[in-house]
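Okay, got some structures for you below.
Here subunit A shows up in two complexes: once beside subunit B, once beside subunit C.
For the complex of A and B:
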């Protein structure tokens, strides 16, 4: 009873103490929190708000509330549908290949062989090239008759006629994926290499003593250990691949026809070429929702991995 | 005790931060006041020397910025007014112009405007008709010296119905323009039109001339009709020698539409593609014929380099410049890379077709207008500069930096100048002649999207996605949707 009485008595004091202690902390944190909200929550809400208006930047006075009008229109817009579909194909295709190649490269670079440091540094070059420069260079490399790729494939007798890589929907999409893979596989390899370097050596030694084969070591020790690094790479790369703009803008500009149109390019054209800011906001909002649906479970899984550790 | 000390220090920190923030806000307010003061005195430089300054927003290569730069010191010397030039490439320029004007910014007094943007800008740029009516100005400006087609297409707009074209006269007539309810929104500074650069060295080569005569029974000359064009292109197409007849630009972008409208006009169709009632006019038998010919050049006769379906201005220029084609079509003078030994370039007009006994041509043209920002505080000074820089005398000086003039008299001077003829052969004659018969663009808002919809249809045709008829119908439908999205009612007057 006495205990109960004490507890009942102490509770308000504890709450008071707690709130007294928290007040300065809250005030000190407030500017940072406000800043964070102003650059994240406010743009998000403004995007949502704008998406309910018919608004053209060149004629701001004609802004009109149209409710879900922009959303109704975008689901009927063939370019938007194609943009979203292509974005899914591009993002999953590019990131999938990057993960496989990145893992292989990381495993090779993890070997204690001569020249690996130099190779690691050279491997980072594509990442350091400005994306638009990379895209335009690739465009020239792939465009016959002056593109080197077709020229050398012909010289080597691999093909008879020049291939117009950017001339069909399928090969243009493959070219865009190849450009992204070239650009960002080193990034994936670097993350996974960091993971490999931090593997516990005692487990590897124990496996070796027990006579485990290489593939068994990879499947039962390396891969589970790399899981969280793989998740980090997948999340970061998926987000970036979904937002890819420079690659498509510089390499195909959505062509041939509209066959490589990505959602980011649709938003750009609506917002910055036609200045239909309300419609562009609605597309961007749906894009954001789609990206959240895809990445949220991955981030949850990553947090779980870290917590389990 | 320790806790009290901690609390006191925390509050002290908060107090200091608050005071700092407040003082920062005060300073910022003061800063804002200064900034206002600055903008009130805009038009003079910041050193207090009293030199008047005009800010000019200009493009880069598209309208030969070097030509403008070359004469600015002369203007400062003549008037004491310094013109500060900011240049940006096409897309950036468009965004900057639109952003500045949408914000009603007074910073740029003068802006160079591409004609497709005008539909959105007539209420944001200053009509200069009143300035031009001033007797003193009228006596010196020589409006009739401007190429009429260029002048009417570039600068004459109806303020309340900017999609309309004024009826053109043989000479620029200010009173007629006013009586039609139109205003003048600047003066044309650079006129670009499709010409046909070709490899003169290949055309002049005796072996080629003889072989061509044997094969076609006539002399090898720059083609005048599209039938001749096909023969010449086929003659020069020698893939084993890495040589093809011509370039085309059916890649996805406005260049595809520029190609298309040139061909449609030559087959007797409406080269504008959209009429003044804002109805697409290119779903016609003439367009089908023109597109059949165009598609055949690429896919049937294969007189273009492989990969042409992705070509824009850049790739077309590179292919011709590298010596891969005998002919091309472009706005600008071309150069050959050093590996093209003995290469000489000359220029001819883009071919046409004989219709009812008359040669019908309609090369696409796109001109640049030097306009005055309505929100600028220096209207009169800005107008004086526009009048000066577009004058015959100044345009003649800018010829040395390859300005594409907008005045008849300057073309006469250019053709008589041996130094220019030696450098560019027939370029200026071809340019002047082509401008006189060129076809401009429709005047719609969201022109960029409309043009891309047209070009996408063309690209689909040459890459084999659907028939010509299917793509024309689909492109037309898309253009109507885009026009409606822009607030137009196709069919309206």
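For the complex of A and C:
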């Protein structure tokens, strides 16, 4: 049954239309749903099917059924395991730092001080830079001898000799996290700033009249109020970080070795560099299952926040 | 709280935010500076600061060179075509879907609206393999349409949920009045709702435009030459022609500046859009 779904949905006009309102809703939704199915359900079924075959991209017609062979192999594949664990480290590391730094920036930008509006606008720049450009720029800046980061850190006396940031596993992962933090902390700050700006002023005034200290106001009023905005930012950023491809492709390409390999890059490589489609499909399928286990509750929460106002 | 303490706090605020701002802007500043440096000046260490700005990198970027598979201006044209068509198609299908979700009650509505949002979790790398093979078997490799269809789909969660919020802001009484006047569903949507949500639709289309303009993985795999978009061109400055930092940074500035301008232009709607309407910025 379809009808105008608002407070007035039992108004006479809407009621009269009730009997034939399903049709327009279906027609309206059909194109969008079909398009979305083509990038979700179709790949899902295709991957599931293909994952039971040994199939080469160069000769797709010659495929052999190998049952769960691909799945058995992937759980023993060091690159795959590394890709999945790295994705978790990268996503939680990057989003964790973004939240702390983003909160600090939002609190400062919320102050009624000259210049803060201009700074807020300039903060939009990192998130407007095309991802591949951001990744390649950082790659240059971090690579000695030309990279400015090493040069100026050395000049400031913070390091003694040039560091090959992308040369060791740990610092390469830190660089990946730094890239994402640079790219998206301003976005987190903007979300939290919107939250701070919508704080009820009477509560803050009442608290300061009652003699509450600044940190008390922050802990007992601001933080509980910000909880919703923090949650939204965490959900959105985590989902995007789990899916990261362009950043890792541009900055480290998974290296050195497999130390910054992320799940998306593993799928890409197995399919388009080793041409093992069946195997890549199995990895992609497991990736999708793991992602939906982690992100389904997050997306449910996000939807609740979207529809709850 | 004492005036002096507040004064110190304000000073501290500037002492933290200004270095942070410089840190956030520094890669972009490097891009601009390098793009107007001549040849070897670009990569000199220590960095050269007293140089004569030149636009030679920009000029050579747009000079088509014999033998290049697709010159940068060609890639820009591809980028514009793909992102504009994607945005138009996304806006049409997304607005229709959003209207159904915002205004109708029907069986399975909750499921469908949750599902449109949850498609957000599907990584491009995962849907890539099946779509790559499908595109190949349909002989659509290196065509605009091969990029446009997936891009529209990737933009739909954003478009549907953003537009849905704008539609909900429209008082339903106006639509009911139009219904009394005998308007059909599509007439109401076209003649009543859309004119009222035009600013919101403009903001939505800019965000969709940016997403398609920036997309990398699908363009990397599904295009070769004719349909190659500008971000792929950027990556190729490094892999194919050796490293031409001057031209690479100039190209980066060319593809990044419209996005920065657009972002600043829609900043009022930016947070609302990128949080799918969860935060009314």
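Everything below uses one rule, namely that the second predicted complex is superposed on the first by the 255 of 309 C-alpha atoms of A that agree within 3 Å, B and C clash if a C-alpha of one lies under 4 Å from a C-alpha of the other, contacts with A are read in each partner's own complex, and residues count from 1 in each chain.
In the analysis below, a contact is a pair of C-beta atoms (placed from the backbone, for glycine too) under 8 Å apart; a residue touches a chain by one contact, two chains touch by 3 or more.
Quantities reported herein were computed from a predicted structural model and do not represent experimental measurements.
Of the two partner chains, neither subunit B nor subunit C is touched by A:209.
Of the two partner chains, subunit C is the only one touched by A:267; subunit B is not.
Of the two partner chains placed around the shared chain by superposition, subunit B and subunit C are both touched by A:24. By the document's definition of touching, of the two partners only subunit C reaches A:123; subunit B does not. Within the superposed three-chain model, A:146 lies in touch with subunit B and with subunit C [touch as defined at top].
Once the two complexes are laid over each other on the shared chain, residue contacts for A:275 go to subunit B alone; subunit C is not touched.
Judged by the number of subunit A residues each one touches, C leads among subunit B and subunit C.
Of the two partner chains placed by the overlay, neither subunit B nor subunit C lies in contact with A:293. Contact with subunit B, but none with subunit C, is seen for A:166 once the two complexes are overlaid on the shared chain. Of the two partner chains placed by the overlay, only subunit B lies in contact with A:254; subunit C stays clear of it. Residues 24, 28, 31, 60, 145-146, 272 of subunit A contact both subunit B in one complex and subunit C in the other. If you check the complex, the residues on subunit B that touch subunit A are 7, 10-11, 13-14, 17, 95, 98-99, 101-102, 120-121, 242, 251-253, 305-307, 309-310, 315, 318-319, 322, 324, 445-446, 448-449, 452, 456, 459-460, 463, 465, 485-486.
Residues 1-6, 8-9, 11, 13-14, 17, 21-22, 24-26, 28-29, 31-33, 35-36, 38-40, 42-43, 46-47, 50, 60, 101, 104-105, 108-109, 111, 113, 115-116, 119, 121-134, 136-138, 140-141, 145-146, 148, 151, 155, 182, 185-187, 190-191, 194-195, 198, 214, 229, 232, 236, 239, 242-243, 245-246, 249-250, 263-265, 267-268, 271-272, 277, 280-281, 284, 287-288, 291-292, 295-296, 299-300, 302-303, 305-306, 309 of subunit A are the ones touching subunit C in the complex.
For subunit C in complex with subunit A, the touching residues are 1, 10, 13-14, 16-18, 20-21, 23-28, 30-31, 43, 45-47, 92-94, 96-97, 99-101, 103-107, 109, 112-134, 149-150, 152-154, 156-157, 160-161, 165, 172-173, 175-176, 179-180, 185-186, 189, 210, 213-214, 216-217, 221, 231, 234-235, 238, 245, 248, 252, 255-256, 259-260, 262-264, 267, 270-271, 274-281. Within the complex formed with subunit B, the residues of subunit A that make contact are 24, 27-28, 31, 57-60, 143-147, 150, 161-162, 164, 166-168, 252-258, 269, 272-276, 279.
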